[in-house]
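Read through the structures below before going on.
Two complexes come next, and they have one chain in common, chain A, joined by chain B in the first and chain C in the second.
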Partner chain A sequence: MMRTYLRLLATFFRVSLLGELAYRANFWLQMVESLIELGTALALVSVVFTYTQSLNGWHASELLILIGTYFLIGGAINMVIMPGMSRLIEQVRLGTLDYLLTKPEEAQLLVSIQRLDIWKLLDLLLGLALLVAATIWHGSWPDPLQVLAFALTLLAGTAIVYSFVLFLATLSFWYVRVENILVIFESMYEAGRWPVDIYPGWLRATLTFIVPVAFAVTVPAEALTARLTWLALLGTLTLAALSLLVARLFWRFAIRSYSGASA
Partner chain B sequence: MRQLLAIYRQQLKTALAEQLQYRAALIIWLIEVALGPAVSVSVWSTVARNEGGEVNGYSSASFAAYFIATMLVNYATQTWVFWEFSRRVREGEFSPLLLRPIHPIHADLAENLAYKILMLPVIALVTLVLFLAFHASIALSLDNLLAFFPALVLAFALRFILEWTLALLAFWLTQVNVINQLYVVVVLFLSGQLVPLTFLPAPVQTASAWLPFQWMVAFPAELLVHPLSLSTLFTGLLVQLAWLLVGFALLAFTWQRGIRRYTAVGG
Partner chain C sequence: MTAARRRAADGIDVPWRLLAILRQATNPMEEEDQRSTRGANQAMTVSAAISVEHLRKVYRVYEREAGLRAALRGLVQRHIQEVIGVDDLTFTIELGEIVGFLGPNGAGKTTTLKMLAGLLYPTTGTLQVLGHLPWRRERSFLRQIALVMGQRQQLIWDIPVSDSFELNRVIYRIPSAQYRQTLDELTDLLELAPLLQKPVRNLSLGERMKCEIAACLLHRPRVLFLDEPTIGLDVVMQRRIRDFVREYNRRTGATVLLTSHYMADVEALCRRVILIHHGKMLFDGELTRLIERFSPYKTIAVRLQEPANLRPYGEVIGQSEDRITLRVPKSAVARVTARLLTELPVIDLSVEDPPIEAVIEHIFTQEEVG
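Up next, the complex of A and B:
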């Protein structure tokens, strides 16, 4: 089953790539855009660290690891999750979801990977490059256990964000104007460029439990810089499994009550 | 003059009616506008705490005041027409605007003001919440307060004129988005919105002194949060005025040439 899913993902990726290759100038535009964003983040960090040695215990190299994670996860979210979900909302509104539902594959999967914004791959790669560079600068290589924890929390964080966004998008079966909520998520994600422990309690709680930015960025970065406790790791993984389950059940419930109107 | 005022009143009314249709956008805007200063204050308060309560003369409370003030001034002076101009030119939307017996800049100005009037309650709410949440402290003096309003008006005029001129680049270039993005980043840093200007490296500060950006946000904002000497205050207003004249000259120059290049099909 997993293999079918991966094959489908590869196919969708290829089709999107072929479509995008017709507009190669977009590659360079995205490149400039990503570099501007990365440059801004790095410039701000360098200003902050001329005035302090460590930000709440995070050294400059560790903060760069966090920013690398931010770009990595952000790239993944903007490449796969966001385009598919905003299309889903549009399909529900226009009634064209009917076509998708008649296909023989699992609808939730199709909805999730139906549209890929290929060039966002650049953010992902830039984030990865920054991660490697920052780790080298950091000096001590993370031990295999930390890398494993990083990989696990990265997956868990992505799963939590995915479930959260899917949940929001599923609301469109009842409320038509939810695309605005996705925009709110996107702007809240920017707060993830800093470790959530620098925020005052109310904001930290919002970024952890209402908009799960903390799980997507801070927790994996904590794992790679040996800050994460076993308990937090376990909690994150449990939460990821739970949120996938809830999003899945909600989606099933929504699909059952869906009736196309105008396809 | 009276005729122009009447035109503005009508434009304001139309723009208000138009904007009122998109009330959901207000909430999005509220979160976006509040999040920037909240993040900046959190970061720099942490720095101040780590460094024993104060850094470069700023405490947590004065960081909070500074970033709330830049948010307010940025709200008042912000324009967004350079994001729309390229579409106007490409799709010929500019043609009907040109046919009107009045310069198209007036319509944009009226729309900008209408939007700001509409946002006023939102921004007031955000200010109050941030002020309380981050325990901001301000030291107002009467001189500063008196100078604040002319400084704000000049800052708005300067930013509006310069950014409208920037928008005119769309007459020559088809891909203006990258330029706009670069411009926005430069403004973020050099207008003092990301950090107070005194925190930037010395060469950047020198560059900033020769550029107009700090007069668009940082100067009025600083008037609100700490007392400036009378001479700094007057020099500031004069420099703003000088830049405004430069801006007008640039606008006239660019507009004359741009409008000759403009051709449209349909629209």
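Up next, the complex of A and C:
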């Protein structure tokens, strides 16, 4: 059973890779874009830390761990989740979602993995490299429990963001143009480059519960830097399960009322 | 399988099983529906591929008024209007039949096809395809049908055709041997060999359509819904697609429901047609009977030795050199023919049915007035 799904994923991966290889220049563009983005983030951190030793309790090396997490999870989101969702919005508008819905496979699954932006893998790898480098600089290696918590919160964070974006994209069944909402999400995500607790209360609340950036970036970084409480871990996991459920219910409801782009 | 491996497999399966449980939890009707589907399965006669009874679909659309002020008001308060897509359709299609589905734009053809393919929920009425309730979209059902929409493409733009096919192979879980055989057959019938390795964006419209159709048939569907499969194609390519559909139907015994604006498609493929207009059924029967029943006229073509005024004999609808075409009420055909032959120097005379396009146009314009 699982093997079939892995094969499906592998096939979509292959197809996306083939599509990307048709435009090889994109690889170099993405390379430049990723490096500029990483450079900017690092430069900002170094500027901030010429004035202070710690930012609201975060040491420079810990902040680098956070930025590593930001790139890692951002890479995953932009590689798998966002492309599929923007394609979904397009499919609803063009009416080609009909083809997807006549396939003998769970539509939510197909929608979620149907398009991969392969070169975002660069962000993911850069994030991973930065994580390792920052941890070495930090000096103390995280214990296995912390690593486990990091992995769990990373998964939970991804699940929360996935549910959130799926929910937004599903709105396109009623409001045909919702691309702009995804753009808003993307710019909000950039706020995740800093730990959410440095922001004023209202913004922190927004980034935690309205646009769940806090769970995607800050919480995993907290797990790796021994800041996360058991309660917060439990809360994050529960929230992840809950948002998956809500997004799923909403998706099913949307499919039920879907009536196609034209008669 | 060893116990350990089975356990491992079970473990991995959990997320998907969870999904299934969730699906049922979110949809308490499901179990009951499945039971009723099974019941229906047993009760159904085996021969009917598609059966539709009193099918009705009403869309609820938000009314948009012209003008900026109205549009802004629409953001807050929207008027809902009901639009009838399909109204009280009843018909049965046997296994292996090719049926043409005719009607002007907006008649409800696509709406009906979408309901049959499981994309839309009927508002009221019942429908069954191969013993399944389409809107349940069970995998066993979806594996047996295909929907081809001439105006919408599913092949991926930037990659070779064969890779898009491969994607469908994996999604439909087609066994390798069967896939090879089907692909070979389709390649042969549609002459796809030179196209398979090209990216879709490099194909002409006709080539792309051939590939789109092949992509939809890789899983050997038993019921085929073709929504304007020849739209925008040149005459040669239209004939190719037509020949292919006929051959596919002959080889596999698949049931085909086809909509098209080109009467040539329908005349070539379908003995039986269903005519709908404003969502309502106007006619269901053989194409030849359609003409008999709906056309109150016949056309008489005459060639004369010397020109003469034919106005007194009937309505002149065509005149080229020495050949004149008259439209005459059916009941008057015998009388007018006799008069023409006795009163004028006729070289040649023939009585014909009006072209099917003219008949159908006549029906629809009459409906419009009535």
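As a convention for this text, the second predicted complex is superposed on the first by the 257 of 263 C-alpha atoms of A that agree within 3 Å, B and C clash if a C-alpha of one lies under 4 Å from a C-alpha of the other, contacts with A are read in each partner's own complex, and residues count from 1 in each chain.
The rule is simple: a residue touches a chain if its C-beta (ideal position, glycine included) is under 8 Å from a C-beta of that chain, and two chains touch if they have at least 3 such contacts.
All of these numbers come straight from a predicted model, not from anything done at the bench.
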item	value
Joint occupancy of chain A by chain B and chain C, clash or fit	fit
Chain B versus chain C as contact partner of A:52, first or second or both or neither	first
Contacts of A:177 with chain B and chain C, given as first, second, both or neither	first
Touched partner set for A:256, first chain B, second chain C, both or neither	second
Partner chain in contact with A:248 - chain B first, chain C second, else both or neither	second
Contacts of A:104 with chain B and chain C, given as first, second, both or neither	second
Chain B versus chain C as contact partner of A:29, first or second or both or neither	first
Partner chain in contact with A:202 - chain B first, chain C second, else both or neither	first
Contacts of A:185 with chain B and chain C, given as first, second, both or neither	neither
Chain C, chain A and chain B - angle at the middle CA centre, rounded to the nearest 10 degrees	100
First (chain B), second (chain C), both or neither touched by A:70	neither
Smallest distance from any CA atom of chain C to any CA atom of chain B, in Å, after fitting	10
Overlap of the chain B and chain C footprints on chain A, listed as residue numbers	none
Footprint of chain A on chain B - complex, ascending	24-25, 27-28, 31-32, 35, 38-39, 42-44, 46-47, 50-51, 55-56, 133-134, 175, 177-178, 181-182, 185, 188-189, 194-195, 199-201
Interfacial residue positions of chain A with respect to chain C in the complex	1-2, 4-5, 7-8, 11-12, 14-15, 18-19, 22-23, 94-96, 98-99, 101-106, 110, 245, 248-249, 252, 256, 258-260, 262-263
Residues of chain A defined as touching chain B within the complex	25, 29, 32-33, 36, 39-40, 43-44, 47-48, 50-56, 177, 180, 183-184, 187-188, 190-191, 193-194, 198-200, 202-203
Chain A contact footprint on chain C (complex, rising order)	9, 12-13, 16, 19, 22-23, 26-27, 59, 83, 85, 106, 108, 110-111, 114, 117-121, 137, 139-143, 145-147, 149, 152-154, 156-160, 163-164, 166-167, 170-173, 199
